[in-house]
Every structure is written in structure tokens, then in C-alpha cells.
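Below you'll find a set of structures to go through.
Here subunit A shows up in two complexes: once beside subunit B, once beside subunit C.
Take a look at the complex of A and B:
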């Protein structure tokens, strides 16, 4: 009886396994193979062993750009993740524990950037921050902002932070919606009991809500991490393939694109690009596994 | 009787149908892949003239925006689904690589008209051993575009030397006009402006041959000096120019907010005139180091037509007829007239003032420098254009000095330059 169940399980899993292997596992293995070749126009041209690795980490230009891209990635990630989480949690908590007028509409407005294609967000943002045409600089001039806050996308020390803030606004709807649902799912008697015990809103948020939605917190953050880590679209649209100005907005996604496909005049090296994508895969795999383990222990602890 | 009548009608109908089908099958459809959606109507006019003489061929323009054109073209050619006629650009290295891969039909024997084109316009579309693979169609000049109304207003004449140029900029700035246009955001144009203004200081053909030899040292004082010179123009650029892009440049020139646009290409004239038909534009030669020096002119063979190897035999024959027709001075005149581009016969006749000035550049100062030099160094990764664009972006943002930028370019190129 048990053995028959076993065969059925395997049979049911086989199609999914087949599709998954073909479209995910196999390309990754092929991609790993590309790292050992010098490619010309997408064809594997000649076997070069570890040369692509030594070029990426040895040649000064590539190495500097690579670590600069990693640094920018983490700054961008850090700001957007921290920002969206703080704002998302605060808003979700407020909306679900209080009856606020217009909360629904406000939630929809916050979610709307998620529906607009990223390219549109990029173009509109570039227009807003354009020094000669955009609203931001006109307001900055009118209110006499200090020099640092003018022409924010054209300065190396402000460009990345500006884009991170734009990303917070764009991404906010996603965690907000998930946290809102999660907080609503918390049994109301727990919150009622803690209020009777005298806890104020802040303590409830910090100690009870966070603890109870922690598995969902982890999952959402892992998803946002993966999305932001390979981020390319917005920065390519707004700052070009060089991640300007002066590589200050160059993130791994843009670096990968530039190295693989080259710039306006060609000259890409897909072999080195493949090495970069393997490194990105490694980092993402570690983060995903750690996240999954944390989530599992947390679930067990909460016995959900 | 009725049955017979129906039979006759059906017979007649089927005969006419097959006849029309047979005739319509004789129209060969050729799509032309290129990067100029803005020239859709203009190419249409040229096609119309060709199709009048060749009614069995139907030409269709199939452009996509320039930014991703070459990546797209590569993918299409590899996948053997490229249009029968594809435009290629001045990037000789790329062109040669693609031809070596067997993507383009060898036109050496098929297109004898190619040899009649002036030699400097053949260069980008042939291999080192003389095989031709594209029909040269258009060329572009870059120059110092200036606003004639502003010059007249402040009583200025086009400068000849660099010092006169700086004095003119100072005068304009003092009068409250932004003298020069420069943008850093759209990296591809940075090099056109740099290359144009610094030609007199970097040297002419000698400089180019040094580059091609694989032995040029980018940290040499001449090159560092050129970078410093570019930086010294910063006070004359628009406010916050590091955040401005190419379309801002077009707009600002068209709305007369700047007086001079260094590095403006001849392809921009019609675009700017479209934005503002009232603007009066002219072009003056690049300011030289000292009086009497020879001014070099940047011209490059811009667009060439290739026949994709993946097209059918019938399409290839038809495409060849079009290429033969295009590689004539008569078609060159049509390129002038309809598209407003320079042709590859150096017999350019324009009505537009600015384009006339561009054409006059070659006459006055002679020496033409073929293709902007950074493109010559794109046979490896990272390419020279990438490094120069990134370097100048850092220079103008103030994060690197001219010496550091030159060193960066040298280090970046050292991965492959001079090693082949």
C-alpha cells in the first residue's frame, strides 16, 4: 500500500521536475560552462580555462568596477529594503489596527507604482529630476535648497541615494500589501490582551506584531532582496549603460549588461559576463538558503 | 444552360484569380533594417523613386531605435532571421567581424560600383584585403554648430584659434548667454564633442596611425592636456550640465538657450529645425592651436547597406539591384535632398544654411579624418569609447583628475590593446 503511494508521488512530481530542470537548472549549468570560454557574438569561440575569472578579479579596470558595483548594490539594497520595511510596517500597522478614513484609497495610491511598467517610472523620474525641465529642480531653486540637493542625478555623491529613494516609493506597495494582510491575520485577542496589559501602540508593533509575522517578514524580504539585487531596468533607463555619473550608480545588473553586451559600439565579452552572473547567483543562493532556514525555525517556534 | 453559365463564371474567376496570384507573387518584398525611425518617411521617398523604375520590388523600411540596434542586429543575423537589407555603421572592427562570420554577402564582384566611390568612404565597409560587403550610402560630419542670431546680436564672428574661441565664450558669458552646450548623461555623444575639439591638439592622421599601431600611450602629456582643456571649458557649459542628456541638448540649441554646440553632428540639423524652424544655424571649423595651423575635419562614413546571407536567392538578387541603384551619384543627390544627409560621393548640394556650412568645412580646410578614433579601438573589451566616456564623466563630475582619467584609460585598454 505504501509503496504504491510512493510511485504516485514520484510520478506527480516528474513533470514539474522536468520543466524546472529544463528551464532553470540546465541553463545555469550551461551558463557556468560559458565562463570557461571566450565568446564572440554569443558563440563559444575558444576554451580559455580560468582566464575569464582571472580577468574579472585580476585586471584592475574590471576588478574596480566589480567591487564598486557590489558596493553600490548594497547601498541601494540597504536603503530601499530598510525604507520599504519601516514605511511598510508602519503603514500596514496603522491601517489594520485603526479605522482611518481614506486608508483604502491611500493604500491604492501607494500601490500604484507597482502597476506602472518600470520603464515608465524611469522616464518620468528622469523628467522630474531633469535640471533644466524638471519640477524637482524648480522647487529646489524656489526654496533655496543647499547646493548638494540640486541636480541630484548628475552628482556622483547623490545619484545613488536619489535612485534608492525613488525605488522605496516604487516598491512600497508590495510589502505594504503583504504586511497588511499578515497583520490582519493576527488573532485580535492577543492584541486586545496586550492593550489591557497597558502596552502602547509602539510596543505592540515592536514586540508582538513583528514576532507574529516574522516568517512572512523573512519571505517578503528575501523576495525583495532577490529583486533588488539583480536590479537593472530603472538605472539603465535613467543613468545609461555606464551607471553614471562616474560609475556612482553602477550596480551589478548594469555592470553585467555592459560587460556582456558592450556599449553603443559593441565590444562585449560574454565570458566575463557569465562569471559576474555566477557570482550573483552564488550570493543570491546563500541569501535564499539562509532566509529559508530562518523562516523554518521561526515558524516552528511560533508553531503555526 | 444555367449550369453551363455557372461553370463558365467559375472558370473565368479561377483563371483571373490564378493570374493575379501569379502576378502578385512576382513582387518581391524587401525589408530594410536600420536605426533611424525618424527617417521613416524620408527613406520612403527614396524607395518610391526606386520602385517607380523597378515595380516588381517592394521596399519596406523597418527601423528600430538606435540604442539597441547593434545588439538586435547581431541576434537577428545569428538567428538567420535578419531582414534582407541591413544597415551597418562606421564601426569597421565590428563590420569586419560580422563579415568574417559569414553574415553578409560578399559584394566585391557583385557591386563594381563600390570601387567608384571615393576611397575614404570605402574604408569602413571593406576588409583589409579589399573585399567589399556594404554599399556606402551616407556620411556625417561633426562640427561647431552655432546660433547665427546670437552671434549677430553680440557682434561676433566665428573664431579661428582656440584663444579667440575662449575670448568669445567669455564675452558671451559676460553678456548672460550660455556659450557652450555639453552633456554627460547620454554617454555616446561625449566622445564626439571631445574628439572634435581636441583634434588640433592630439594631431591628425599621425595620431590615428599611432593608435592603430597598438602603441599609443594615453598617459602622454598631449592627451592629458586635451582632457584638461576640456575641463577648462566647464565655466562656459550650462548650469548643472552633468544632469543634462542628449535630448536636452537638442532642445536647448533649438530654443536658443545656448550659442554653440561643439560636436554637433550633421544628422541633427533637421531634428533641431523640426523643433524650432526659426532658428538660424551655422557651422564653423574647429578652432586650431595657433593661426595658420591646418584644421582637421571629422567626417565618417555613416550608413552602409548590406545584404544578409540568410535571405533567399530571389531576395538577394532584388536587394543587389537596389544596392546598385543606391551606389550612384544620382542616388547620392536623393540622399541629400530627402534625408538631408551627406552622401559618399562628396558631391553634396544642400539648401539648408547649416548643412552648406558643414559641406564647406572640407573645402576650406581640406584634411578629412575618417571616423572618430575611439571606434577604431573596439576590438576587445573594454572598448576605448566606453573608457573615454566613463573617464570624461568622472572628470567633469570632479571625482578624478585628468591624469587619473588618462591612467584609467590606459589600464583599461591594457587588457587587450597592443597585444594582438
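Take a look at the complex of A and C:
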């Protein structure tokens, strides 16, 4: 009996484990090894010790670009996560507590940018923000916006913020949908009771809703963080592989691509690219672990 | 406590404003694709005067989008079939408590952990590996990587659903003399169809829309998928705005149509997946 079961277990488990281990886990391990090699794609590798690390953190061009990319990455992630959370929570709360009509249609429309390729969002946004053909600058000219708000993608001090706002609108449907369902699951008598006690909407949202859905809030944010951390498509399409203008929209994903595979004329360095990807893996691991710990304490506190 | 009407109106105004901002780009893309190049440059804001589909004809005839469509179908289809098959088999073992062996939970955690890691960090070693195996620049190589990357989420959600199947179902089948394979095919799989749909939808979305991996692993234009094909298309017709956005619409609107037909299932899948995580 037990033996027959044993064969069955192996037959059912092995295919998935084999593919997953070969094409996902093994590359992670191999990735650590690549960091110590100087290599050109398709040619022999040469062991160079810590040279790739010293180049990335020591050579001025690499170091400056690397820290610039990390800074931009966190500005971009910060703005887009804060923006989607505030808007998503507010709309989810208003629509679910008031039982407004049209919530389903609203949610469906806001969710739709999630299912088309990000690069298509990039192409259309480029058209809208195109200084001579686009709608945005026509409106800006018509309303006499100050110079700062004209040609926003072409200027280093506004490009990253513009990209972040586009990302907020692209991403918004995801947290909104989840928060909407989560808030609907809160027993209505809890909210009704606090209304009788005289709490206004803002206090209800802050003290009751936020506390009740906090585990979901954390899961959603960890998922969004992991999903957007290595951001590439939109910036590559709209601002090019240099994260222009003047590296102002250069984020880790774009920097990684450029360093590893080179520009349009080639000349990338996979060894340094591997070091960058290991750094990204490290940051992601920290975020995932912190998120998991936070969630565990919150779950425990809520169940008390 | 009483909801004022003004209150509701403000909410609706905000809602409509956001919807307009999200829908406007689609409208712009449609509008541009129906105009000829001179009109686009001289009168960029004007509506398309009459419906002319020349740009679409040119996009289909001169571009390479149909090939890209074919490749996307092949790659996404093969990935879907293998992910669903492999994950539901593994999930059956993970979910049923009578298969007990040492380290079962550790193994489950090992598979689930993959959800936390984006493929982008593995690109360089993957590149070397695929090259070594002769799978670089082939559809099968990309299918393998997509399958591996999609197994964690699919296994997670399928195991979760299979755990919630009542033991009675299986016991009844055992009375009738059903073997494990029969229980898996006739009971477990049909009962977790909603979870299979969820896993399929998410895998489809991630694989169909992925840009980074095919950009690097599928250099040959004859095997590249739709997003990369589209980016080449955009390079090929530079400054011919009408054709560019006709091509873009040929990529977007079939997806949007499919989404609106399936949106109920889609949203249900999304929320059941995320709320359980």
C-alpha cells in the first residue's frame, strides 16, 4: 500500500519540481557564481574574484549610476505605492460603505490597463505627452501653465514624477479591487455601531477599516512592491535605455539592462549585471521578510 | 449620518474624472489610427473626419504582427497547458493529507517561495543556461522558463482549493474502488475548476504581456512574441503615426474585448488569489 503510494507521489510531484528547480531555482544559485566571473555572452568565462563588485561600487561611473538608479527606484515606487493606496482605499471605502451604484463598472474600467502590455501604455502616453502632437501640452498652453509643467517628460526635474503618476493610474485598479472586496467583508454592524457613536467617515476609515484590512493591505503592498521593483517596460519605451533626460528616470531595471546587455551597439558586462541582480534580490528578500513578519504580528493582534 | 446628496454627487464627479483620464488614452489611440499622417500633424486635436481603415490595412499587410500573434499563441498556450497540468498534479500531493512524507511542508514552502522572486534577477544565469542547453533563441526555452516561473502561484492557489474539498467525496469514490489517478481526474480536478481558471488567467496575463524576457531570449523576428513584435513594428514605421497606432490597437483591443467578456471571472480570480495570500 505504502509503496504503491510512494510511486504515485513521485510521479505526480517530480515533473513540477524538476522544471521549477531547473529553470528557476538553479539559475538563482548560478547567479551567485556569475558575479565572480568576467564574461562576454557566448564566450569563455574567466574567474576574477571580487572585481565585479569593486567595479560596481568603486568605479565612479558605475557607482554614480547605480546609486542614482536606486534613488530613482525608491522615489518611483514610493510615489506610485502611496498614490495607489490613498486613491484605492478612498474609492473602495466610499463605494462599499455607501453601496453606490456602478461600483462594478468603475472597477472594471480602472482594472483594464492591467491586462494590456505595459509597453502599449507607454506608447500611448508618449503620444499624449508629445510636445507637438500631444494633448497634454495643448492643455498646458491653453491654461497658461508655468514653464515647469510644460514638456514634462523632456525635463530632468519633472520626468520621473510624470512617469510615477502614469504608473499610479495604470496600477490603481489592482489595489482598488482587492480593497473593495476586503472592505465589503467587514461586518456591517461594526461600521454601523461606530456611526451611532458619532464617528465620521474619516475616523471610520482610519480606525476601523484600516485596522481590519491591515493584513490584506500588507500583502497587496508586498505584491505591488515585488511587481514594480524591477521596472523596465514603461521607462524603456518612453525614455529610452538611458533613462533620460540626463538619467533622471533611470531605475534599477533599466540600469541592469543597460549594464548587462549594453546599448544599441552592444558592449554589456554580464558580470557586473549579475552583481546588480544579486543586490536587487537582496532588497526584495528584505522587503518580503519584513512584510511577512508584520503580517504575522498583525494577524495575531487582530485575532485577540 | 444621513447621506447628503451633495456628498454623493462629489464622489460621482471624482469617479467620472478618473474614468475619463483612464479611458481618454484609448480614445486618442483610436482617433489617431483613423487619420492620415498629414491630418495628424497639422490638426492633431481634431476628430477623425471619416472612418478610414487604410492604416489598419497597412499595419496588417506591411507589419509582422500576425507572426507575432502566432508566436504569442504558441508560447502562451504551451505554457498554460504545462503549468496547469504540472501544478495540479503537484497540488494534489500537497493537499491530500494521506500522502505524508518527511519534509512535505518544507517542499511546499520551497515551491511557494518562487512567488516572491521576479524572473528579471535570473536573466543572466538563464541566458548562460539556455545557451548551454541549445535553447537560446527558441520558443521551447522561453516556454520552460515561463512554466517554471508560473508553477509557484498556480500550485499555491490549486493546493489551497484542493485542501478545501471535503473528504467524503474521495471516500465515496474509494468505496467504488477508484484508484488515486481516477480520484485525481474525476474528483479533484473538476472540483477545483475555479482555481484552475484563476491560475490560467494570471499565467496568461503575465506570459502574453511579458516584454523583458522575449526581448532578450527571442532575437529572431520569426519567433518573437507580440510585445516585442509591437516594439519592432513601432521602430519600423517611425513617424507614420496612423499606422503605428493602428498596430497598437490591433494588440490592445482584442485583449480588452476578452477582458470585458471574462471580467467577472477575472475579478473573482484576482481577489480569491490575493485575499488568501
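For the reader, a short list of remarks on this structure follows.
Quick note on the criterion: the second predicted complex is superposed on the first by the 275 of 304 C-alpha atoms of A that agree within 3 Å, B and C clash if a C-alpha of one lies under 4 Å from a C-alpha of the other, contacts with A are read in each partner's own complex, and residues count from 1 in each chain.
Here is the rule we go by: contacts are C-beta pairs under 8 Å (C-beta built on N, C-alpha and C of every residue); 3 or more make two chains touch, one makes a residue touch a chain.
What you see is a predicted model; the values in this text were computed from it and never measured.
Using the contact criterion defined above for the overlaid structures, shared-chain residue A:91 touches subunit C, although it does not reach subunit B.
Of the two partner chains placed by superposition, A:217 touches none, neither subunit B nor subunit C.
Legend: residue contacts after superposition of the two complexes on their common chain; A:27 is shown touching subunit C, with no touch to subunit B. Of the two partner chains placed by the overlay, only subunit B lies in contact with A:156; subunit C stays clear of it. Look at A:284: by the touch rule set out above, it reaches subunit C but stays clear of subunit B.
When the two complexes are overlaid on their common chain A, residue A:111 makes contact with subunit C while staying clear of subunit B. Subunit A is touched at more residues by one of its partners, and among subunit B and subunit C that partner is C. Once the two complexes are laid over each other on the shared chain, residue contacts for A:133 go to subunit B and to subunit C alike. In the overlay built on the shared chain, the residue A:261 is in contact with subunit B and with subunit C.
Overlap of the subunit B and subunit C interfaces on subunit A: residues 41-42, 132-133, 261. Of all the residues in subunit A, the ones that touch subunit C in their complex are 5, 8-9, 12-13, 15-17, 19-20, 22-28, 30-31, 33-34, 39, 41-42, 87, 91, 94, 98, 100, 102, 106-121, 123-125, 127-128, 132-135, 138, 169, 172, 174, 177-178, 181-182, 195, 216, 219-220, 223, 226-227, 229-230, 232-233, 237, 253, 256-257, 260-261, 270, 273-274, 277-278, 280-281, 284-285, 288. Subunit B makes touch with subunit A in their complex at residues 67, 70-71, 74-75, 78, 91, 93-94, 97-98, 101, 184-188, 238-245, 248, 251-252, 374-375, 378-383, 385-387, 389-390, 393-394, 396-400, 408, 411-412, 414-415. Of all the residues in subunit A, the ones that touch subunit B in their complex are 40-43, 55, 59-62, 126, 129-133, 137, 150-156, 239-242, 244-248, 258-259, 261-269, 272.
Of all the residues in subunit C, the ones that touch subunit A in their complex are 1, 3, 8, 11-12, 14-15, 18-19, 21-26, 28-29, 32, 40-41, 44-45, 82, 86-87, 89-90, 92-93, 98-99, 101, 107, 110-111, 114, 116-129, 131, 144-145, 147-149, 151-152, 155, 180-181, 184, 205, 208-209, 211-212, 216, 226-227, 230-231, 234, 241, 244-245, 248, 251-252, 255-256, 259-260, 263, 266-267, 270-271, 274-275, 277.
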